[in-house]
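First subunit A sits with subunit B, and in the next complex the same chain sits with subunit C.
On to the complex of A and B.
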């Protein structure tokens, strides 16, 4: 939009040309992939095994990216806050699973029902399942939004959260439709391989299909966001009354954006069902999915599709990495607890010394350093974020040591809880200090 | 108004107005009349059901009252904060969990449960003020969504901290075993789980009423919830009111959590599982209105518990043979919530800050 120099716009402040956000994004994801590969090599996995594992990471991250795109359309562009992402995700997964699996009757072993069966089993092709899933989720989103869209944002958040938790209750208990707590198994892969390296080929096809869909939708969403339609959405986000005054039916626009976002979440659910091959209501559709997607969009920068995808790959990367490392770390950590503690103490002392040096001594040795290094507001914001992040990591390290000392549990569990706590900390810190995210929304000047 | 700070009348006139407020006004009498009509209708409804299905209905109604008293305590705490600070505290359920586990920790380490609950009441009040100072004060004036996101973060930290420290297994308070006290044949109530919960609930409701109606702090809180700018303009120290709201909200959360843990057992998601019920009560009663929250809590708790016989009826093979019907009792308040949201749509119009300003 801002092509070339313009005579209409007065001189703007010089914008730093180095794309720091992009560099950080690239380095972070490369670091996660590298750490995963190293962990695999240390465990002595074959090349194909490592690649399969990476494929799993990529396919789940793509699913989260689609979720994040949907949420970005709802919140980032239109300002509609959805707290029930997990619910729309669940609808998509179940609709797709019911549509594409073969019929599965109830299983009774010796008079005891082992599996209650589930609705249908229509053996439709994958594409039909995906479209049905998108349609079902989108329609549900529209219905849920109808009463809540005219109200304040917090009503919408509560209504959608309530909706998601009702859906989980139904998925758990409406056994004849959903298969109960066991869920739906035997969801067919897109291509049935029979050779020995079937897992690898499956991962490859899933990643292929997923990235094609992701590419398609990011192009589509980018196009829609740049279109007059997207402009109205952003206008609603900034000032709904002014948009109404310009003669736009804001309710219709909000409804469309919310339904489209819901449809994208349904698509993610369908992809999830195909990727895993089974779905169950327990953990895959828990509220923490919703909160993770929030973090992804906020990290990436709401109102920015690239950012949403980056956030998905980064935040899911943490989860994947913690699962990868879980198998190697426990023994080392359990033995090395005193070592970790002394390391933490040493780091703390070093940081304190450094701080004293910088604050009191450094200004005599190198007086102009501060004004030379941190010149722009943005750099200072980055420095502050980095310091806060370092403090958080340090604190989490101490929490881990104390937990292992006073409430010893399986280290894998502790790491899991710490990861969720980390997501919580991240939500708070980001929303306070960097609500615009790492890759901020590209501000457009309209004329 | 020359003398701004406090802006209070002199003590003597304050005393007389206070007693004047106690005298039944015309409005009060009308309210009383309406309330008695609702009560009579409700009693007639329960009576009719009892005639149809037997005293089992009364048992569910009494159980519903116990659940309601927990929901009401929590809903008052949530709605006070919602009204004054203007955001939905999604961490409220987890604050309840924290309060319940604190009381458990103290009662396992020698203190009696009652003292544990009192200490946890005080500790949570401090936690609330800390939350405001450290996190939520920085998010003031940025619309309703950023505080919601931050409160979800707080909730995640509390919930998983509890999991990491206390484990995921269920814990029980050391409550002396005793028989239910039989009210009428077929209808009984546990002395601790039933009567104590009802008593504590009523006490807290009454104290909230006294605080809001007959103290200057309560008056200032109601004024701030009504209109922040106007309250500031009349010289009310809204910062102090905000802290008071956090204290009330979090300490009520602690007690509600202890009562909830008394009723069943403690687990790390006990608060998060009930948060939507409390939101339903708050929204049904009208955000920021403690008296509405009382009514809403009563409606939500009773409707949830009294739907059980109906769901059991649906479970019968000759009706529709619904499986695990009673699991859906949790969904009943949400239906009420959606109906109320649909109704409220007509009375509220979108405003400029309606959307999540970032």
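On to the complex of A and C.
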């Protein structure tokens, strides 16, 4: 065979790359924990109190990490877009709660039904509850996928979204099974502590159990997803038709990935029920849970398990931190208000001077600097983004100053919700500059 | 079966809405041949290939691959019988490496079944080693071995064509459908690609290819079938087809 020129490969020395993704990930989580600790110290909490609080962060983040791992198996590896994560999560939580709770009959006070009771209360051990939850969610995922996976990808998203909404309505109204709007309470802790430091010991056991389960499933998923089986999943994500033409029954693989992902979401639900000790159909299983998990996997990095776990700890970290900080930021703002105001005025004056320089006088007094600024703005996306971001921050700064002056209570209420805007901005920046996520999918080099 | 056709298409029909892409088309491919399929754009050639490979379901007609009737079978079962197809526009799995692309195309890899990972780890390991070794062999054949661990997306257009052919060879097929294998490939590489196909044919494989490069069709094929408006309008050795007035009118041009 002649003419190998077009297949010629230049042997380049491997360029040592800095693992920026890993460094950023480590710093981000360290920053969240650090800020949480500082907020606790400012509030004068005890060491044990701060640790309990951190334990709460860790235990919920672990639950989101399990959800993200499930979604990553479905979407990151196989390309199946699940828009009903909250639904599979709900099934897991209710099945586990019904399995491990003691019987709780309806409560009627003075002829008025106060609590409708719920199904069973079978007092099973925690492990049984977890296994049942995984099985129920996994089987439901398979049943939904059976018709929906044969259709185009959009229909799977629509079917799962509708399914999750229906389940939330069921949980609210199927009172004799789910306890209605009140839900299921009295879900037993893994170990019943009675001492004064019970909250701390509870947090400790939950984090311990959660970490052990998370670790187990990381190892299991890593083994499965990086096997020849997982390779077929990634092939389906890239091009299902081509994978079929390579001799794979792609439907079976999609079904397996979707059911296993659903089972992981059920596991997360079971962990959630045990961690909180009560479940109700309200916000815990709202569509926003689904959206959070999407963001976690997109920001963390899809197609690799590290990314999904990091994304969960990061995005839930923001949520947790916003709760920690919302009590301190208003007072900090109030104290720093004069400083902030002078800073904003100074920045405004500086920006105006720069603008006058670039637009009017720069041409005469320092043309080289002016043209360098203009070129940078014209050619560099980061420069334009920075200008837009500066304007937004500047505007927000003034909004805060005025709110602080005329409606000080509004700020405390807003901080908590501002986190969504913060996450949204983060998502936009990430999709522009690093669409593959902070921890990107690695290349599988085969020997 | 040595004397009978390896592929027989009998009255295959396929319509997309009001357009009859393939209209009661019948043709046969002899084993051990390099058979060309030519015809103007929109003649239904690629559609016919997709029907043979099982990607489209025909509205009517029969397809026989050796002794097996394959119309209506899903694509993965047709591949298992020994019939593979390459794509006109390369369908490389972009974010997988070249080697992964090939290993995926191997048949009977135990590790691709979830349960085997847990119950037959030895077999999984053995199969994976076998498939990787075979992939390396094929890559050596198609001169892509230097790119084995590069992402498929980073390949050039011509290299992607080679990747298509390499993947098709991985499953050790008896009949390979090539949809424009040399379109967009430089002349030198076209020559070596066709040399390779000629050598593989001598090893007992059959090739059925769509091509617009008349050099390739006239010099490399031993039989040429001409399609026009979804039907076979002529067939024969290249010289005969070249002289056929119907072919000149519809395709080659005066």
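The definition used in the following text is that the second predicted complex is superposed on the first by the 329 of 447 C-alpha atoms of A that agree within 3 Å, B and C clash if a C-alpha of one lies under 4 Å from a C-alpha of the other, contacts with A are read in each partner's own complex, and residues count from 1 in each chain.
The working rule: contacts are C-beta pairs under 8 Å (C-beta built on N, C-alpha and C of every residue); 3 or more make two chains touch, one makes a residue touch a chain.
Quantities reported herein were computed from a predicted structural model and do not represent experimental measurements.
K.L.:
Report for A:111: first if it touches subunit B alone, second if subunit C alone, otherwise both or neither.
P.N.:
Touch status of A:111: no partner.
K.L.:
More residues of subunit A in touch with subunit C or with subunit B?
P.N.:
Counting contacted residues of subunit A, the larger count belongs to B.
K.L.:
Based on the superposed arrangement, let me know which partner A:247 touches: subunit B (first), subunit C (second), both, or neither?
P.N.:
Touch partner of A:247: subunit C, not subunit B.
K.L.:
In the overlay, answer first, second, both or neither for which of subunit B and subunit C A:239 touches.
P.N.:
both
K.L.:
Determine, under the contact definition given at the top, whether A:44 touches first (subunit B), second (subunit C), both, or neither.
P.N.:
In the superposed model, A:44 contacts neither subunit B nor subunit C.
K.L.:
When the two structures are overlaid on chain A, which partner does A:338 contact: first (subunit B), second (subunit C), both, or neither?
P.N.:
After superposition on chain A, A:338 lies in contact with neither partner.
K.L.:
Classify the contacts of A:228 with the two partner chains as first (subunit B alone), second (subunit C alone), both, or neither.
P.N.:
Second partner only, subunit C.
K.L.:
Taking the stated contact definition, name every residue in subunit A that is touched by subunit B in one complex and by subunit C in the other, in rising order.
P.N.:
In subunit A, positions 239, 241-242, 250 sit in both the subunit B and subunit C interfaces.
K.L.:
Please give the residue numbers of subunit B that touch subunit A in the complex, ascending.
P.N.:
Checking each residue of subunit B against subunit A gives 87-88, 90, 135, 138-139, 142-146, 148-150, 152-157, 159-161, 163-167, 272, 276, 279-280, 283, 323-324, 327-328, 330-331, 334, 337-338, 341-342, 344-345, 348-358.
K.L.:
Please give the residue numbers of subunit C that touch subunit A in the complex, ascending.
P.N.:
53, 55, 74-76, 79-80, 84-85, 87, 91-97, 99-100, 103-105, 107, 109-114, 117, 124, 127-128, 131-132, 142-144, 146-151, 156, 158-159, 162, 167, 171, 186, 188-189, 191-192, 195-196
K.L.:
Which residues of subunit A touch subunit B in their complex?
P.N.:
Checking each residue of subunit A against subunit B gives 75, 78-81, 83, 116, 146-148, 150-155, 157-159, 161-163, 165-166, 169-170, 172-176, 236-237, 239-242, 250, 287-288, 291, 294, 298, 302, 403, 406-407, 409, 413-414, 417-418, 420-421, 423-428, 431-432, 435-436.
K.L.:
In the complex of these two chains, what residues of subunit A are touching subunit C?
P.N.:
Those residues of subunit A that touch subunit C are 1-9, 223-224, 227-229, 231-232, 234-235, 238-239, 241-250, 256, 303, 441, 443-447.
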